[in-house]
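First chain A sits with chain B, and in the next complex the same chain sits with chain C.
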Partner chain A sequence: MVLIQINGKMVKAHEGEMVLSVLRREGIEVPALCDHQALEPGGSCRLCMVEITKADWDGWTKNVTSCLYPVEEGLIVSTHSEGVLEIRRNILDMLLARCPNSDVIQKLAEEHGVMKTSFDTLPDSDNCIMCYACTRVCEVLGKSAISAVMRGHKKVIASPFGDAPPDCIGCLSCAHICPTNVILWKDENGKRTIWNKSFDLITCKKCGKETISREFADYLLEQRDIPADYFETCDDCKRMELAFKMGGLVDGAEEVAI
Partner chain B sequence: MKFRYKVIPSLCIGCRTCELACAFTHAKDKKPGRSRIYPIAYKKDKYVPVVCLQCDDAACVKSCLFDALKRNEETGAIELNIDRCVKCEACVAACPFGCALVDDVHDEVIKCDICEGTPACVQFCPTKALVYEKI
Partner chain C sequence: MTPDVKQIQKIIDQHHGDKSALITVLQDLQRKFNYIPPEGVTATAKALDVPLSKVYSVATFYSTFSLVPRGEKIIRICQGTACHIKGADLIQEQIEAGLNIKAGETSSDMKYTLEVVNCVGVCAMAPAVLVNDKMHGNVRCEKALKLVK
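Here is the complex of A and B:
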């Protein structure tokens, strides 16, 4: 257990945890777009920036991304100092230029008083902030189907050669984790399309409701020891099944009692 | 495990008070979401309250590639850490009893967490068909 100071208040933190997770636990709001607990911290969006210092730093301070900075004894953190707010406004200014059409960025910028970007906006922006949450989540999953391609301002997240990524299993984790909802997918007529790849969806053998993609289920079966037939019925029908099964037992027990 | 959640179907009258209790207890932003418990009629006037059975060797836990599901040894519940969840719905597809659900109101995956030890459904069930007891 270490003791740190956040905005003048002494707070207990666990050894080795990042400053951002302490802030979250304490209910101190700091914008953080690329942070997700399922991922290793990435430090790409830079919005979670805070100012740190220590008693023996002679008044020197340092700006760090809180999602990447581990706590240490005697750390003094301020999350809303004028300097930090200025940095956050600058970052949002740039993000707003990059993603002028993203409602997530617009809202965040407005909340920080950035009503309009001072830079030229990117024409036909796709709203991607290059935070790599999608590629990181795919990696955690053990697939790494997508990655960043090209260099510099041309850099984009894509599949190898822009083709249907051979390793993609259509689980939609990347699409759901994307903070600016850039990754699009479609479920239609028993098929799911994402990253230009088409997947068969499992349809419930009882009612025909579509659930996850067949490839995703196969991957789960390969990774984990789960009976394969669990995936063949949808959750609604499985609840019905359970009710009928338990109902049968109840009736059976009642008959025995009589 | 110190506690056990029990359903007694023969006492259930299908009033669905538990559903309301659940949806309101787990409300977010003052909006009730989807219930985690469903009394289902298996024949006329005979009901089974279907709710997560907190299986020992749970398929939902095994299916989660992000370790978002963990057993709370105090309450016995398998809890979903929503901050680790990426909504891949693997657990929804894997649960053999259909008790990991998608809540469309709040757009998230939900499952019964026994309300961290004070299950609202149990408190509200008028016929005591739901029991949460010490073992």
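Here is the complex of A and C:
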């Protein structure tokens, strides 16, 4: 356990823990777009910047990304100092220029008092902020189907050769984790399309609802100790089934379940 | 040279599936074929047990790697600060007009590829032009085309 001070309040933190996770636990709101509990901290959006100092720093302060800065004894953190807010406004100013059509960025910028970007906006912006959340989550899943392609201002997140990525299993993790909702997919007539690749969706044997892609189910079955028919029914039907089973124990549970 | 699956495999196998040799493998492939054939990217990923997306990411990141076939003669015009000041633009114009291709393009007969690079490190001899890695310094506009043809 280490003791740190956040905005004047003494707070206990675990050793090796990052400052942002302490802030989250304490309910102190700091914007962060690339941070996700499923991922290692990436530090790419820079919005979680905080000001740190220590009693023996003679009044010197330092601005760090809280998602990447481990706590240490006696650390003094301020999350909303004028300097930090100014940095956040600058970052949002740039993000707004890069993603002029993104609702998420617009809202966040407005909240911080950035109504309009002071830079030229990027023409034909796809709203991607290059946070790598999608490629990182794909790697965590063990697939690495997509990656950054090219570099500098030409850099985009894409599949190899722009074709249907051979390693993609249609799990939609990339699309769901994307903070600015850039990655598009479509579920239609029992087919899922993402990254120009088409997948067969499993339909629930009981209610006929479409659930996950066949490739994703196969991958999970291969990775985890799951009964082979687990994905043949949807979550709702499984819950219903369980409720009926428990109905034997409780009177009137059948009506409740239905 | 048309890429041959066996040749590609032979080059890749020289590195015995060593993941850390990824860039070296790509360099070897490029040296042999003058570009990295797409089959080579796929085969490298498989042989080194590195995700295809990662290999593709590396192959597109470095500007020295090319994924499209290039001409027999690769002409690199230096547009670094010193060469730029010394009129590399004019040399580029001359060569572009003479070969009838723009920077980044390859002539349809696959003879010439024109590239623009940012500094080749011989600023004292600006403006510089590289033809198949052979350096030509103090290039003059009127002689530029002769150098490359």
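FYI, the second predicted complex is superposed on the first by the 236 of 258 C-alpha atoms of A that agree within 3 Å, B and C clash if a C-alpha of one lies under 4 Å from a C-alpha of the other, contacts with A are read in each partner's own complex, and residues count from 1 in each chain.
FYI, contacts are C-beta pairs under 8 Å (C-beta built on N, C-alpha and C of every residue); 3 or more make two chains touch, one makes a residue touch a chain.
These numbers were taken from a predicted model, which means no experiment stands behind them.
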item	value
First, second, both or neither for A:238, with chain B first and chain C second	first
Dominant toucher of chain A (residue count), chain B or chain C	B
Partner chain(s) touched by A:161 [first = chain B, second = chain C, both, neither]	second
First (chain B), second (chain C), both or neither touched by A:216	first
Partner chain in contact with A:92 - chain B first, chain C second, else both or neither	neither
Touching partner for A:114 - first (chain B), second (chain C), both, neither	neither
Partner chain in contact with A:178 - chain B first, chain C second, else both or neither	neither
Partner chain(s) touched by A:33 [first = chain B, second = chain C, both, neither]	neither
Intersection of chain A interface sets (partners chain B, chain C)	none
Residue ranges of chain B touching chain A (in the complex, touch as defined)	9-10, 38, 40-43, 46-48, 50, 59, 62-63, 65-68, 81, 83-90, 92-101
Chain C to chain A touching residues, read off their complex	38, 41, 51-57, 60-61
Partner chain C, residues of chain A touching it in the complex	135, 139, 143-151, 159-161, 165-167
Chain B contact footprint on chain A (complex, rising order)	36-38, 137, 140-142, 171-173, 176-177, 202, 211-212, 216-217, 220, 223-227, 230-231, 233-244, 246-248, 250-251, 254
